[in-house]
Amino acid sequence: MRIDLNSDLGESFGNYKIGMDDEIIKVVSSVNIACGWHAGDPNVMDRTVKKAIENNVAIGCHPGFPDLMGFGRREMKVSPYELKNYVKYQIGALKAFVDSEGGTMQHVKPHGAMYNMAAKDENYANAIAEAVYEVDSNLILMGSYGSKMIESAKKIGLKTANEVFADRAYQKDGTLVPRSMDGAVIHDTEKAINQVMQMIQHNTVTAITGETIEIHADSICVHGDNIKAVEFVKEIKKRLINENINIIAIGD
Amino acid sequence: MRIDLNSDLGESFGNYKIGMDDEIIKVVSSVNIACGWHAGDPNVMDRTVKKAIENNVAIGCHPGFPDLMGFGRREMKVSPYELKNYVKYQIGALKAFVDSEGGTMQHVKPHGAMYNMAAKDENYANAIAEAVYEVDSNLILMGSYGSKMIESAKKIGLKTANEVFADRAYQKDGTLVPRSMDGAVIHDTEKAINQVMQMIQHNTVTAITGETIEIHADSICVHGDNIKAVEFVKEIKKRLINENINIIAIGD
Amino acid sequence: MRIDLNSDLGESFGNYKIGMDDEIIKVVSSVNIACGWHAGDPNVMDRTVKKAIENNVAIGCHPGFPDLMGFGRREMKVSPYELKNYVKYQIGALKAFVDSEGGTMQHVKPHGAMYNMAAKDENYANAIAEAVYEVDSNLILMGSYGSKMIESAKKIGLKTANEVFADRAYQKDGTLVPRSMDGAVIHDTEKAINQVMQMIQHNTVTAITGETIEIHADSICVHGDNIKAVEFVKEIKKRLINENINIIAIGD
Amino acid sequence: MRIDLNSDLGESFGNYKIGMDDEIIKVVSSVNIACGWHAGDPNVMDRTVKKAIENNVAIGCHPGFPDLMGFGRREMKVSPYELKNYVKYQIGALKAFVDSEGGTMQHVKPHGAMYNMAAKDENYANAIAEAVYEVDSNLILMGSYGSKMIESAKKIGLKTANEVFADRAYQKDGTLVPRSMDGAVIHDTEKAINQVMQMIQHNTVTAITGETIEIHADSICVHGDNIKAVEFVKEIKKRLINENINIIAIGD
């Protein structure tokens, strides 16, 4: 049994520092690196790619909307053609740093509002899948389990990685409980870890309304925003190791 | 005998159109495509790369400073490390569109203030040469004849292309007469064409002060800003063909 | 009888020129000047404000979304608090140029997607009305007739200006026929002028489905995108003058 | 005897937090608020203006270059006309938030590279002074003692505030020892406080080479970057109070 742990990295910008990149990179197996649109800049990208290679962690591209002021978290009604080109641009920009270091880009995982919109909207999902496929058909597209993005990726012939969340509750249709609703975030570490174990060992998750539903987990999204978040990830990792589940990057 | 004709393309942005790209692309052998920093955007890059491939014209990357408001023409005192990363980023971004179309990137030619600063400043020249070399050591670096950029490129092991100007007067040290001085721009078409012929056939140019100085021309920079500029380029091309000089991209 | 003719101006940016500002400013009574977010820059703002004062035309602020690449025409799901601050920022920025010239700002008319979203969404409409009111309660808020923006402006105590369109067809509920539908744009000059006359003289418009509905026109939106557009506006103006309708800025 | 303590505030941006604004605002008498170009955004501006008014601290505009990625610390060779318009734009943008709260803008102090370039370059100094004067001739222009900016401000008829630095060593010509040289920054708190006292009580400073030179201090620049910096400012303030020097905003 195996699982990937992924985290968003390289979201600092210019004089602004964000995230405990140096800590979280030692715990995860894959990183999603911001590309200068919703976060990150070329200097941060250079340093983050080098750091990933030093730490033997797989590199992913984390494209976002052109909205630094909103951190890529606000929906923007761009056209599918625009979206496709935005994703290509950011894959290429990051790839230059990966190529410079003799590394390999493993996957693409869109950020924030782009990720959420493409989870539900087929045109957006297709645009992203086409962008990835056309730039490099060996890249893996990571999206939430059951999303349109995974569908579009499979249809076009891309490898996919199903992402699940340790600390978020699920609805019975397999989608996340919206943050605006009670119980959306699981604050109890033990409960979160149990959810992860159930997902990996049984390919199921218990919905907030009690139903047991099917889910497939290739990668678990974790966060390095602060020391508490990093500690939480270390707890998950310890349990995974105890249960003889290997933590391996999706592409390995 | 052979020469390359190069022109800056893809400098439109969003709703803003600039340059007669569709006309000039039919006349030149190489194009330098803006990468979304001083000009251009991902949609324009996509369309321009496709256009270049359709017209069988060699593709170059045209990186600039992060200054859309100043069209990359204003000096910015970035550090060499920053400059290096800015160039890598833009090469990668454009490369994604070239790779998508199954094309090849031939060269890199910095834009505006970046080009001018790197012509004189060794640290900037080195930063650019290193960026190009590290991303793809097969790329050609284009710079003005006699510039630090050509020196740095040779030193690191890159192929180079010496750029010359048809309609600009030269000083006896081989540099251009600054635009602020009288006689900087050659307005007479016949005189400009004769300068080009002398450069290609004799490897010399006559300085504004009368001296004959050595120059090596691999590529002539031409403009497609307006219909008159395009007509001027057609005149040069006609003469080149009459003199049995082949117009061939630098990398061919 | 009186009417205002308004047009969007100052939408050039850096090296990029757009719109026939010098022509259209001689025909209209009010201008909406871009503030550097969806279009325009401080140099363009300075020149456009001076031009408006020279031509004795009333000045309005034309705030847009932070989306130069999309010309402010793409919906962005910002929060009402963000929207309020974005509008304040842009009013202030333009006001500095108006104050410098000893002029007066007459009105505020949001641009593109911001205008359209605030026409339907009460929270957005309130955010804009509050922004205008708090910065300067003497400003007039311009919005389409029947929009939430006009409602919010009245509620808070702002003067309002109902905007109507000469060359757009109306639905029976008083909203514009979407551009995606047949018949959305009126291409026949005579028909467009007749629609304008009916709006001003009878306070009605004939819907695309034939019904006569009530409408109140304080200002007609006209365009200076190209020479044909300017000629069309001159035709409207000629007819207005012939019918003894005075063309006067809304604030006069 | 009196002195002003000023600090740069509101330099957070979107999701990025920087500076201990809530701590330092309780210690100083004037704040310089970023305007969204080198740092800050409309939401941060709104919150910072409200905070300044609540804490009864005088408000200044802190305009910078259009270089968020470089935090406005990199020289940009803009034209004086461009610089003038950039300063006007930012004064206006901030003024909208100040006007909204019924507050008053006291002064303008340029940021980073803009401040340093205008200290030495007469054309830049004039451009800034003209911008401030034309928008509102009651504003005070703050610049380093002996700078071109102070000269230009006086010449045009603006009130001025001479800024001095507590923790920076001076050269015998009255300029700061460049950061690249040994001894540029005074790390000893007692020594820094003594320098401040000498400046206020004797209108002199001891140059790094030993000479006693004349200096006039209207305002001392202090920093709230971290807890240590805030503690240092509190030490200065304690000593000032002990010596019966009133801490009063420059405009009061």
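Before moving on, here are some points about what is shown:
For reference, chains read A, B, C and D in written order, and residue numbers begin at 1 within each chain.
The rule we apply is simple: a contact is a pair of C-beta atoms (placed from the backbone, for glycine too) under 8 Å apart; a residue touches a chain by one contact, two chains touch by 3 or more.
Remember, predicted model here, so these are calculated numbers, not experimental data.
Between the two copies, subunit A and subunit B, the Cα superposition rotates by 180°, quoted to the nearest 5.
Mostly identical positions are employed by subunit C and subunit D in their mutual contact, as over half of the interface residue numbers are shared between these two copies. Subunit C and subunit D have centres, each the mean of its CA atoms, that are 39 Å apart. With centres defined as mean CA coordinates, subunit D is found 43 Å away from subunit B.
Counting partner chains per residue, subunit D has residues 69-70, 82 touching two or more of them. Per the touch definition, subunit A reaches subunit C in the complex via residues 66-67, 69-70, 74-78, 82, 113.
Those residues of subunit C whose C-beta lies close enough to touch subunit B in the complex are 13-16, 18, 39, 41, 68-71.
Of all the residues in subunit D, the ones that touch subunit C in their complex are 36, 42-43, 45-46, 81-82, 85-86, 88-97, 99-100, 134-136.
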